[in-house]
Amino acid sequence: MRQFSPSAVKRLLLDPNWLRLALRLRGSVIPAILPEVLFCVAFGVLISAADIYIVNLHWPVLGSLIPSIVLGLLLVFRTNTAYERFWEGRRQWGNIINASRNLTRLMWTAIDEQTAADRQGKIKAVNLVGAFAIATKQHLRHQTFVELQPFLAPHEYQELQSVQNVPLRIALWIESYLHQQHCCGQLSLYQLTYMDELLVLLVDALGSCERILKTPIPLAYAIHLKQLLLLYCLLLPFQLVDDLGWLTGPMVGLIAFTLFGVEEIGIEIENPFGRDLNDLPLDAICITMQQNIHDLISTPAPHQSSLDDVVIPHDHDHYSS
Amino acid sequence: MRQFSPSAVKRLLLDPNWLRLALRLRGSVIPAILPEVLFCVAFGVLISAADIYIVNLHWPVLGSLIPSIVLGLLLVFRTNTAYERFWEGRRQWGNIINASRNLTRLMWTAIDEQTAADRQGKIKAVNLVGAFAIATKQHLRHQTFVELQPFLAPHEYQELQSVQNVPLRIALWIESYLHQQHCCGQLSLYQLTYMDELLVLLVDALGSCERILKTPIPLAYAIHLKQLLLLYCLLLPFQLVDDLGWLTGPMVGLIAFTLFGVEEIGIEIENPFGRDLNDLPLDAICITMQQNIHDLISTPAPHQSSLDDVVIPHDHDHYSS
Amino acid sequence: MRQFSPSAVKRLLLDPNWLRLALRLRGSVIPAILPEVLFCVAFGVLISAADIYIVNLHWPVLGSLIPSIVLGLLLVFRTNTAYERFWEGRRQWGNIINASRNLTRLMWTAIDEQTAADRQGKIKAVNLVGAFAIATKQHLRHQTFVELQPFLAPHEYQELQSVQNVPLRIALWIESYLHQQHCCGQLSLYQLTYMDELLVLLVDALGSCERILKTPIPLAYAIHLKQLLLLYCLLLPFQLVDDLGWLTGPMVGLIAFTLFGVEEIGIEIENPFGRDLNDLPLDAICITMQQNIHDLISTPAPHQSSLDDVVIPHDHDHYSS
Amino acid sequence: MRQFSPSAVKRLLLDPNWLRLALRLRGSVIPAILPEVLFCVAFGVLISAADIYIVNLHWPVLGSLIPSIVLGLLLVFRTNTAYERFWEGRRQWGNIINASRNLTRLMWTAIDEQTAADRQGKIKAVNLVGAFAIATKQHLRHQTFVELQPFLAPHEYQELQSVQNVPLRIALWIESYLHQQHCCGQLSLYQLTYMDELLVLLVDALGSCERILKTPIPLAYAIHLKQLLLLYCLLLPFQLVDDLGWLTGPMVGLIAFTLFGVEEIGIEIENPFGRDLNDLPLDAICITMQQNIHDLISTPAPHQSSLDDVVIPHDHDHYSS
Amino acid sequence: MRQFSPSAVKRLLLDPNWLRLALRLRGSVIPAILPEVLFCVAFGVLISAADIYIVNLHWPVLGSLIPSIVLGLLLVFRTNTAYERFWEGRRQWGNIINASRNLTRLMWTAIDEQTAADRQGKIKAVNLVGAFAIATKQHLRHQTFVELQPFLAPHEYQELQSVQNVPLRIALWIESYLHQQHCCGQLSLYQLTYMDELLVLLVDALGSCERILKTPIPLAYAIHLKQLLLLYCLLLPFQLVDDLGWLTGPMVGLIAFTLFGVEEIGIEIENPFGRDLNDLPLDAICITMQQNIHDLISTPAPHQSSLDDVVIPHDHDHYSS
């Protein structure tokens, strides 16, 4: 994707934006791991002071106590696990997008309209599918559901206040609308069941997101890794103090930054439903879905137009099958 | 997710809760691996005593006998495997949640009610779906099924005492209820089959949990890893005794803690259906499902209300299709 | 899962069952890799003799010829691959359990009975599903199918002798029974097709097990890994002989045990359908399935009992739909 | 796949095409990472100059500050992640190919034709399926949709200019065509729904590609890895300057090339929908699909020919079922 | 799987077949990597000559330039990727086997026969399913389709010469046969659609195999890995020449063999559809499928026999549903 500009050297001098990435603070984990790093720096300074003024503390054999391969592999296990959760969260939101697109397209095409009221009902139901995504977003963020107000009648919005799981209630309303359409003969039983399957995909994605949110990595791993990291960093000064003197503190801080940084990223992306820079862009995803629904609603319902060419009673026969 | 408070240094001094995690004992594996660690410490002390009072035992070449990369990679293989089982167990319980939500929603919407008895039957059947999850939990924990009593008639509870696999029997009852509804014309054949598919998902999740429970990691791996770990720890004192003297014991204990700790976590989370801190929160999951079902039952059945607008005979025709 | 007994030290002294695992021979790979290990020991002894009596053979640079990281990663690749095959084999047997449970439950509930002969036929068909699992087990183990005799009529058992793939023939019989039930009006076309889908899952699992059995890891990997392991172990004595003298042989044997052991476990679990300790407990799985089927058969067919409440002609109408 | 030519030595001297691969620049990442590498070389030269003319800067302990295992594992995590995205992108395009083949084959076979206009409509609809793939390609590349013009009527092409998501609109047209065929009795409801399922697969693949395109690896990883790489390369000269003197610069450049190269490949293949050598061959894929469709259209519609043998009214009855 | 014979020592001396594997050449990668290895040997000899006769070239610091962990992890990434492609290819062929078994079984059972011609048609169609697998094999190997001649009428075989994708055309014929059976009332619409689903699985597997064949690992990885390997091997002599003298050449060759061997295996199994020892046994797979089909055809069609017991007009009613 990156293009080779022949003036690479010039770019290096004039616009070193690859450097900017390396030095950037926002979105980086540096702020979050500052306490740990400062603690290690302080300990390092303490050891150098003791080594210089009191007694020789150089003890290099301590450096090999925690096999760096075990530490490294555990850190990467943490990283992989967290990233898999991040990516599964994204995939589940991809499922919500896909199922919404498919469900709304099918509703738009397959549900028969006879009156303007039918069309209004259909538009409202299609918007409910978009509202499901918004409700899921707010549910995962433990926020209020004010964003849903435009899509709902006042008594419906009221009803939401008393339920435990808002997205589930919206799914129930969509299901209920579909069954109503079937009962009054606008939707065949067969197509209804297929729409049920798509609705099931929406509810499955909600459940999977809740699973990611509520089941962090087992506590024992988090504790053991934290213990190993701390041990490793606190043993380092004994290994370095002879060579580095007063520089021991800063250098230990650098290593602590390296290691705690990897751990911290794992903690940050493990729950990808928040609102900071390293989380999923859920707001943008919801807006895209609104646009897709808007695109759909602004089409003339294609089925409607084709009805002109067909004898309507025949169509009724199909639904009774 | 973690926010950067500008007073990071202050937080470090006043509320070092990141430290608390590192020092915490409950939920940690330290208690479980104490015997192994103490054994290694004792051996280390023995070697230092022998080295100091009897004969020089410093033999550093022994330190490279077991390539630490092989040991590290095996440990991480163990860790990955155990975590995958933990996470698959969680996913299967996610499937139980999802399938229960979808099945109950469909039952609530699609099954026709004519009388109050119909409604009572429906509420009982929906509760049976919740009982399936509880029965699965107790089945995986080899516990009694007392928790199921509220959901069952006395003769049903009696019947459960004599069957081998309680959740399977409950699934059979749900299936049986659904077929009954179909036979008396309250549920179309088409929707019945789709509900069967959701019930199949429940039974599949039960089977997958049993699979995780009953098939541990192959015995040969467990033995080989344990042998390597023990060899590695028992060879360590010969490498360290010259530099560390009487400190050899404690230091070997530290390394043993590092390595056996990783192995122990694998053992703990490999079977995630127990009741301790590192297991899945099955009780909380079951309570969430009860809440979802309660939410559902407290809604007026939407299909019911829409029936007012439609001619009932038509509806019957649909079911005969 | 392991509980912390406060008397850990006491347990250590009185009941060290964690040690027993490390020292256990049965189920371990030690017997299988004895030849390789003895060969390496002999070579090590030879080199020490030559080094001591003839000419100095200490050549430490040879030790770094085969990067231990490459060897380690290849070993772990082998391990991962073999374990994935083991676990996929287990999952396929899980699929057989699940599909059997679902198929038998559906057959029991959905197939109509009018006469006692109908019931006998149903019981026989349900048992055929259990027989499919047994036949798959025997097929994967290249054993005779004597275990199937109780489930079959003599002429059927005779017929099996001449077919190439016994489980496939049993699947054909089940399919044939289901179609027969459909033809004589006991089973709707719709439910028949859904049962076909479950039968397809059974046959898919059979195919997947055959795939695991017949496609080992590519030969080139097996050869290359064996070559690297042998090279690594034969270069070791030149590195150790100066420090260890006559101990070179045993120590090389120890390392050979470590490395060949990991490889051997891979070979053992790669094909998990055998009968030794590290294979899947297929016999126990088949017995569990028999129990599930027994549980099911001992229930009164629920559909039957509900028929009392419904007008039978109506029921017939449903099936014609 | 590579064959062993007995004249391996001759091949080595006359046609060393294995060397050509190693020395090739096009498709390699060398151009892209030139700035980083030159920066590191310049820093290395600076340090050697300072070391030689000003003050001894040899400080080998700095070399172990960043554990190379952590760096290596992070680099490989980056590599794996990027490759998985590349491969998932390819798999999604495989899904588009498969779903298109299946959907067009079913449309060709199952949709009834009575008039030449029916056939023209069918050919146009089958081509729309091919157009969906092209539209997806252009959509992912943020290009104009001129390539679609041959497949569309002018007013349709006009309509596309105003929608946000062009492939979704094409999917809506296909759905609309299918429903029209159902309404005028050329396609049974049952087959329509199955075609809907295949169309859903197309839209799912579109959504998955958008997901890969819009969700890069979390920013924090990219920053942290870049920081570690830079730190590692800038600490290197202090380790090498004593041994290498003026060669320090070039050698640091070599290592920088090694490490930044791996990172850069990750960046390049992370979004595989572009047009350079390391991206997916989307143009070739689209052309293959056109060929498959051409193959299909050039067949006589098989259903048509078989109609000669059947009484047409009967066929109508099937569709009313 | 390997049994412990108590006479392990005896086996070691008399039948060392574990050694045979290590020394075996056929199926090994040694021939393929000979040029690279010889080149490295030659360079090593050159350096030793220069070191001995001209100037001291011992420069050990060069040995650490390319971190062996990065090289090792990249090699293993290559290995994993290639093996995953190999295994996915195998899984897709497993899918072809499964779908063929299920499709032929269903065709045999569910398609009604009235005349001997019906039966002949059915046998031909079932054989076409087997022909699909053979056509896929030849298509993936870019071979002619002579093997298909026995299954086809001459004009059909002629028709194949002009199509781009032969397996797709065969799938079209199968689909066409199924629709014909539906049109003349031998197959219900419902079962037809389910068979369509199985046919879709066959075509999906074909597409997945094409995907593996046509999308190698991204070029940039292949180039970068080759470059790193070559650099690593060419820097080695400077590290070894002092210790090994004239042995430098052979030892460098040994390491080159180790590393290029791992890379070469990746190249060999990346495309598993060829005909050499490390490829999938596609010919054997196709023969197994022929046997399964033969087994099936030699059964009396079970549905046929059951027709004796049922009134035929009723059966017709079922199909009209």
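Note that the chains take the letters A, B, C, D and E in the order they are written out, and that residue 1 is the start of every chain.
By definition in this document, a residue touches a chain if its C-beta (ideal position, glycine included) is under 8 Å from a C-beta of that chain, and two chains touch if they have at least 3 such contacts.
Listed by chain with UniProt protein names: A, B, C, D, E = Bestrophin.
Note that this is a predicted model, so its numbers are computed, not measured.
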Given chain C and chain D, the chains that contact each of them: E
When chain A is superposed on chain E by its C-alpha atoms, the rotation angle in degrees, nearest 5: 145
Geometric centre distance via CA averages, chain D-chain A, whole Å: 23
Whole-Å separation of chain centres (CA-atom averages), chain A against chain C: 37
Sites on chain C at which at least two other chains make contact: 69, 72-73, 190, 268, 321
Circular arrangement of chains, read from chain A onward through chain D: A, D, E, C, B
Contacting residues of chain C [partner chain E, same complex]: 31-32, 34-36, 38-39, 59, 61-62, 65-67, 69-70, 72-74, 77, 81, 163-165, 168-169, 171-173, 175-176, 179-180, 182-185, 189-190, 193, 196-197, 200, 203-204, 207-208, 210-211, 214-215, 217-224, 226-228, 230-231, 264, 267-268, 270-271, 274, 276, 279, 320-321
Sites on chain B touched by chain A in the complex: 1-2, 4, 8-9, 11-12, 16, 18-19, 21-22, 24, 27-29, 68-69, 71-73, 75-76, 79-80, 83, 86, 90-91, 94, 97-98, 101-102, 105-106, 108-110, 188, 190-191, 194, 198, 240, 243-244, 251, 254-255, 258-259, 261-262, 265, 268-269, 277-278, 280-281, 291-292, 294-296, 299, 302-303, 306-307, 309-310, 314-315, 317-318, 321
